[in-house]
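Input: structures, listed below.
Shared between the two complexes below is chain A, which has chain B as its partner in the first and chain C in the second.
This part shows the complex of A and B:
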């Protein structure tokens, strides 16, 4: 049984390492919000997924949860390699480079995200939810990632940014699950990841259909259905 | 009985596999046969489920889930038959075999995933099944490859996936809550979770329930996360619209109900009921207002779905056994009535080649069967006797009054009346106004007998549910209501 984390003592190496990785996850999310090239957004997503897989491996090593190695491996294969490959291929076929402009300026988007990230972090931090696997700060950070991913999907007006926003939201959920549900049976975790893969395929198909119809990846023309 | 469960989870895969290799005619026949077999299997489950659980491996059904299996199987059977008539006029197109292959592959997989969602045992598997319904139905919405369909499919897949991302968070927090009592290696199966529910940590369950209502509520079409729904319902092929509305929304609502069960057992009824009441009233209010001024016949029906999901949420929030039994009856009656309404609308749209309500005139002259049946479906949706929705809404309101929830019950009645006005005015105009004479006027006659027969089946089901539900079904509903209130 892992030792419960003590809040009032000096942080251990494990706590320091995991908190650093969790903060890096949030920073990559902000970088995605700022990225102007679709390709760099996809790369940032790959980096973020790599960090999540790494974090899973760290938890597996320190807390002696061997199933998490398998999870880290599957998520590495799917989220660091397969998903970015699918989107990059789509981008190459579409010949599109620049991601769609934001509905609001980059500065406003960043400020808005900062505020939301703070709200998410402190709101979840104030809840009485603690886990034996990861420091509680990581849970607050996962909520921040989810909220910033919402901003990314809302302000960007092109299909790639919106899809990457959704995938990175799922990374935030993965982080949350490492904190509160690291012991979840492997079969369930794999089912979640498999579902993600199916979702990626469908996103890819619909992005292609969209590009085929409008010859662009922008969502600016998707305004005919209302009322 | 366990064989029935396994068969239900396997039969729809047969026509789906056949769609890949066999010619369209055979696939259509297999789809109809599979739908009728599934309906028969679901009916066979009814007497058993009203006495206790049926359980094998990862499949499990109790009274609550059997209601949703029944609704889905009914919609699957009728829509399968309707699709033959709906696709008839595309048959001469050169790419029809390819289109039919995609359509029936998606259609059967969609039905399969919706049958599996209530049959799987556990919140994690439930999430997986609901996610599969999303990805399959998103492709089905896009299958006609028009501009509107592409837009609707993109909005649908994005909004619904984000909603399910939130629902995944809910699943994880529920796992965390359960792990405090059941240890780390349990798999979120229902019976142990419900047994342990009174001892679970309150904060985590509360958070999980709200996230689940928001996340799965996106797929239910609860306001304010309903925005994908009118687009997807309006742009999908009509048999798919009927399945989306009649059973996908209900199956997602089933997921909410599972979280509601755990939350009620853990937190007491007050908090979960209040959450559902707020979402329910918001949905009902907004949908009733949109129904008053709607120009697209399929969007009209889509907003009617939002309205009925709001009624379900309010009915559950009353917490009275009578109202809960009414909610479960409402799920069945809404599936039949909304399926009928969409199939009638499909016949009208095929005839006039437009969805604009202003241009649909003289339905009763041109479509001697479909138009009156469409009007009957609208009246059924508006809770007119002798149809099933009259009985279910009566039970919901009576249950609310009995539970001393006078305010919400009164609001429910007022808003349902408002919605009735919007629906009834539009539908009577379509059916009763004389058709304009002119060269563009379509000929008199039904497009296909396949578009009328399933609607007749729906009317019969609605009248049976309204006048005299069979005893087995009544047992099933009251047991389901007891399970919902934590008394089974």
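This part shows the complex of A and C:
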């Protein structure tokens, strides 16, 4: 484990700012875990996506990677506006407000995910991957986001939470790609975004079909095999 | 040039400022809260009148309560007045007694005070006072780890656990302020302060409903001067905690770098101004959120714990 830095070697302003945005990404993920309304989960997802787009723009400005501006714009249009809009419309049609309760309490879920986030953070941190674009801590944080998104999908018993968990997992992956491959050709990054769109369509169909068959968004009725 | 004050005088001025200004801060917050609710609210000086009234009253102790019941408010007040000696209240450097304890020492004194009040409440045999004491100890046990992690953050950043060192680090450059560890630890400490000063979303500060009380209920059996000391003490505790948050973490500017009369007087005014701004923020929070159900308080504390632990995490990878 690396020795913690002493007072004389604080991170630079750029590192501090980007790390703060990355930490905010993780905190929105935790907020989703805690949110009780489906609508507020979707809103939190939009905020998280906005933070990812903002981070891409910051990296583009500071590291002079103009193609990242395009990525930030596309991700803004898709993940901040289009996807939340589609899910909100689906929710309005379904008429369900309250997200399913978690399998464990909010405090226990927070502590569990905190432990998992720590595992991800230190596991990736010890790989010693350094990147010219973003500080190393952001990579650990992206792994934590992915793991907490898994917890969100596992402990919540409703389709919307699971969909939002999956989409926000993609946000964690975006953050990781900003760290290790910010200079990656734009076409690959955009291809990832369109993968997300496919997932949105699939989850949208799933939500509609599930709501049509059980007239609820809860997955509790899926546990019994006979209809 | 203004006259240079003797060091012991400045040292005494630190607890004195807290002692004199604390009820006024409570009054100002109550006034601001009332104005936001469209009420006229009590005078800002009302807490002082309340204290004066209580000091003129007779005091009674419940039957069977030992001498400790009456001693506890005095011990608590002594603890509260010792803490300002340890933290940067007026000066940016440690006065002679400033290094007799670190942040943990200050935390111990604050918990000792709260422990004495809880024991006194348990002495009474009255249900509500005991309820408050038991609740405050229960939730105190889960906020303690949060404070510890905040101290760990300070220790990792400054390699000491002196409040003066942390304040100097924050003053040193903008890099130290924008780093996530600092922001997360400050946010976690703020949440703990909301709990410790009995504010929404944990507790209604001015409520009269005993079932929702935690800190407030402990003093229900005290009366007269002893009750006044407890009320004054909790106002002092509030100002002390605000001072720690402001002068160690958020805005350690405006402190006197010497003991000349001018800068020290300015430091007093700066402290009061900054505490008022923080009080205003707390008043807004008081008016914006609802009180949490008792069993939801763990969720609130777990959020604070999350922030404090993440602060330590980010420091370990060198990115905090």
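A few notes on this one:
Heads up, the rule we're going with is that the second predicted complex is superposed on the first by the 213 of 227 C-alpha atoms of A that agree within 3 Å, B and C clash if a C-alpha of one lies under 4 Å from a C-alpha of the other, contacts with A are read in each partner's own complex, and residues count from 1 in each chain.
Here is the rule we use: a contact is a pair of C-beta atoms (placed from the backbone, for glycine too) under 8 Å apart; a residue touches a chain by one contact, two chains touch by 3 or more.
Everything quoted here is computed from the prediction, not taken from an experiment.
With both complexes brought onto chain A, simultaneous placement of chain B and chain C is permitted, the two fitting side by side without a clash.
Look at A:224: by the touch rule set out above, it reaches chain B but stays clear of chain C. With both structures placed on the common chain, the touch criterion links A:146 to chain B but leaves chain C unconnected. Of the two partner chains placed by superposition, only chain B is touched by A:183; chain C is not.
Applying the stated contact rule after C-alpha superposition, one finds that A:101 touches neither chain B nor chain C.
Residue contacts after overlaying the shared chain place A:166 against chain B, while chain C stays out of touching range. Of the two partner chains, chain C is the only one touched by A:12; chain B is not. Angle at chain A between chain B and chain C, computed from CA centres in the superposed arrangement: 150 degrees, to the nearest 10. When the shared chain is aligned, no partner comes close enough to touch A:40: not chain B, not chain C.
The minimum CA-CA separation between chain B and chain C in the overlaid arrangement is 17 Å, rounded to the whole angstrom.
In the complex of the two chains, the chain A residues touching chain B come out as 127-129, 131, 146, 150, 153, 159, 162-163, 166, 169-170, 173, 176-177, 180-181, 183-185, 187-188, 191-192, 195, 198-199, 201-203, 205-206, 209-210, 213, 219, 222, 224-225, 227.
Note for the complex: chain B touches chain A at residues 124-125, 127-128, 131-132, 134-135, 138-139, 142, 145, 147-148, 150-155, 157-158, 161-162, 165, 168-169, 172-173, 175-176, 179, 184-188, 201, 203-204, 207, 230-231, 234-235, 290, 294-296, 299. Residues of chain C that touch chain A in their complex: 156-159, 165, 169, 173-176, 178-180, 183-184, 298-299, 301-303, 305-307, 309-310, 313-320.
Listed in rising order, the residues of chain A touching chain C in the complex are 1-2, 4-7, 10-13, 15-17, 19-20, 22-23, 26-27, 30, 34, 105-107, 110-111, 114, 117-118, 121-122, 125, 135-138, 140-141.
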